[in-house]
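Have a look at the structure that comes next, please.
Read from first to last, the chains carry the letters A, B, C and D; within each, the first residue is number 1.
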Amino acid sequence: MALAEVNFFSQTLMRTVPFYAILPCDKTGFDGKRQENTPFKTLYLLHGIFGNYTDWITGTRILRWATDYGLAVIMPSGDNRFYTYNKANGEDYAAFIEELVYETRDMFRLSHDRKDTFVGGLSMGGYGAITNGLRYPHLFSRIIGLSSVLHFPTTLETMEDMPETPDCYPFGRTFLSTIFGDVKNLKESDKNPVVQAKRLRAAPAGILPQLRR
Amino acid sequence: MALAEVNFFSQTLMRTVPFYAILPCDKTGFDGKRQENTPFKTLYLLHGIFGNYTDWITGTRILRWATDYGLAVIMPSGDNRFYTYNKANGEDYAAFIEELVYETRDMFRLSHDRKDTFVGGLSMGGYGAITNGLRYPHLFSRIIGLSSVLHFPTTLETMEDMPETPDCYPFGRTFLSTIFGDVKNLKESDKNPVVQAKRLRAAPAGILPQLRR
Amino acid sequence: MALAEVNFFSQTLMRTVPFYAILPCDKTGFDGKRQENTPFKTLYLLHGIFGNYTDWITGTRILRWATDYGLAVIMPSGDNRFYTYNKANGEDYAAFIEELVYETRDMFRLSHDRKDTFVGGLSMGGYGAITNGLRYPHLFSRIIGLSSVLHFPTTLETMEDMPETPDCYPFGRTFLSTIFGDVKNLKESDKNPVVQAKRLRAAPAGILPQLRR
Amino acid sequence: MALAEVNFFSQTLMRTVPFYAILPCDKTGFDGKRQENTPFKTLYLLHGIFGNYTDWITGTRILRWATDYGLAVIMPSGDNRFYTYNKANGEDYAAFIEELVYETRDMFRLSHDRKDTFVGGLSMGGYGAITNGLRYPHLFSRIIGLSSVLHFPTTLETMEDMPETPDCYPFGRTFLSTIFGDVKNLKESDKNPVVQAKRLRAAPAGILPQLRR
């Protein structure tokens, strides 16, 4: 098993950003026999609000778990941005997830096969996993949403009731508008996973990722 | 000399963020004699656009230079935000620099003395160093601006002439408004170092930081 | 809380070596109120055989635990050397632990008080914690030994019965001699914690560290 | 370009060890156009005495240079061991270099072609590059030796004249014996690059790596 802390230049975010990668590459045990590796199955794993790329490594035993299952795991920073996009401020953390898949395939020996590529996350990361899993179904065959934040797309339209600057900063109107952009018609947009899933029903058979909560 | 890659929770940014720290703490050389250390003089050193906290370590020989001069160096990420603030989106990278000073003094054995505390930077980081050095003159006694971006505060008011989405993403109207907020009266605001310096002239003697370009 | 990955030049090992440090320095919670920090209580925490400085961070939730208890934690690499010394090959990983205490106090805002300074470890690290806790009782007031390797000092004298190169490399005669040096009279040496503890009984009252297994 | 700090379990050293990797994987520039990457040409780059895997990153601008030339660079720690082996203490830092080639090919998208694989180093690392380049000529097509330490194999036989414990620790008899093992006949062994090169002359044409000093 190898643990890599990587910094690379993201074209989407137009700056150098860090992530952690787990690579299950040295499963030889103590007999000293090297095992022929095939390109790794890969999980893109998204942290929750207030955290960053270090969360999964320091807060869980993901390294051991991934090694046991022979799974590569890629853990980027979400910068409290919900892994979504906002045209008004030029940021696109959704496209960043797509870019991350291609870039990490360039770096590491990862499988390029959709059926070997998964996306998962916790809380804010659960929202990111579900919406990006449904946004890029040609990339991801499975989605794991843990305690996912799913109410925003349907509740933000009534955001006038929210305090401008609440006790807990990111949950006020100001910041949520920065993240999600204009909240009108948000419920009907591709930032609502229900809308996304309905659209995918009309897509060719088999392209809807499997969802595990 | 010690090089530390640190992740800590920023109250200002409300998320875990990384920075690099150089600590000139083992200046013993090969005679094996330990030298009594006093709290370190400290330079807060800000990178330019498109980069992050790793820039100074990977792109220069700052580690050697800082060791030679017995200087601690703290290098945060600026996230293309010019180390300034924008009330409209709730982000305050200026206050983050202030927080960083207090937090790193809690972590490391740094001098708390204004005369031992400096801020410097390159390009976007030069703008950040000059404006925050003048914004927090009780913290910083010297400012180093290298190829500093200084035209924005006076040119952004005519931003209508700028393309919305230029070839090079961060320099369009959209992104610059996200960073600097409402650009009206920007020239008269504390985001313009000329305004800042004029105000400081009226302050008690000796509080204006020395500027080296 | 801050997590720092540090590389520094060790005079004892005569090379740059990495360690992880946890610093419980930003216990402000979400009310935004900064808390006056006193210098941190500190635990030097030693990993087991086959591992390195990353073990505790990736294999446990030590970061959360240390934050909850307001404890700094310093985690060096042991290089399969049992945190002991061998004059025959010029290596002294015992003195390295002592050096690490002084060096980290130079770097970070750690308490210099013996009663705030602890050493602990798992398996090989448990042996290192117990023997160095008893070797440097003026530094450490408490010792934590988890599944500590304690049989070596009494069993290595009969090492002739051991295979030269066993299935599992570090446990053959060759390597153990490299670590522990001449194994004759090892049982009577300060590499045997029973001998160390007996000697300390004759020392001034209160200098024997408390041991928790 | 990506910079990765990696920790992996080395079968040869029987412990987790760190290295830095540069991957020239995102050569897209500012036009946003992704470039099809072929597996990377790779340089294994070895640091000098007293240093570790961080030396090349912090002390040079190798990151920029490697990016400009489209070269992957792998930088391990040498632990003052001269990248050689010593049967007497069970350590084999020569085999570690071989293992590192195979392991990094499992992790990253590196060319497996001998003609795309190089080894280089400075001082102690120059000795390591030359001797391992000649030891594993099926792996490396080119060797770069910078200020290489080449006198040891021919001078250590008269080591009796050396001080046991000199001012500068690693250069006494004790430590050098630990590294190089029994120094008798060292001049005639495969730890002497002259002997290695002579042997390779008898090997099939084209297998002798090119050497650049």
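One rule holds for everything that comes next: a residue touches a chain if its C-beta (ideal position, glycine included) is under 8 Å from a C-beta of that chain, and two chains touch if they have at least 3 such contacts.
All values reported here derive from a predicted model rather than from experimental measurement.
The minimum number of touch steps linking subunit A to subunit D comes to 1. Look at the contact of subunit A with subunit B and you find the same residues on each copy: over half of the numbers used there are shared. Centres computed as Cα averages put subunit A at a distance of 30 Å from subunit B. Rounded to whole angstrom, the centroid-to-centroid distance between subunit B and subunit D, based on C-alpha atoms, equals 38 Å. Each chain gets one centre point, the mean of its Cα atoms, and the points for subunit B and subunit C are 37 Å apart.
With touch defined as above, residues shared between interfaces to two or more other chains in subunit D number as follows: 3, 7, 9, 54.
Residue ranges on subunit B touching subunit D, taken from their complex, read 3, 30-31, 54, 57-61, 63-64, 167-168. Put simply, subunit D touches subunit A in their complex at residues 1-9, 11, 21, 23, 25-26, 28, 32, 34, 37, 102-103, 106-109.
By the touch rule above, subunit D contacts subunit C in their complex via residues 7, 9, 13-18, 49-52, 54-55, 79-80, 87-91, 165, 169-170, 172, 174-175, 177-178.
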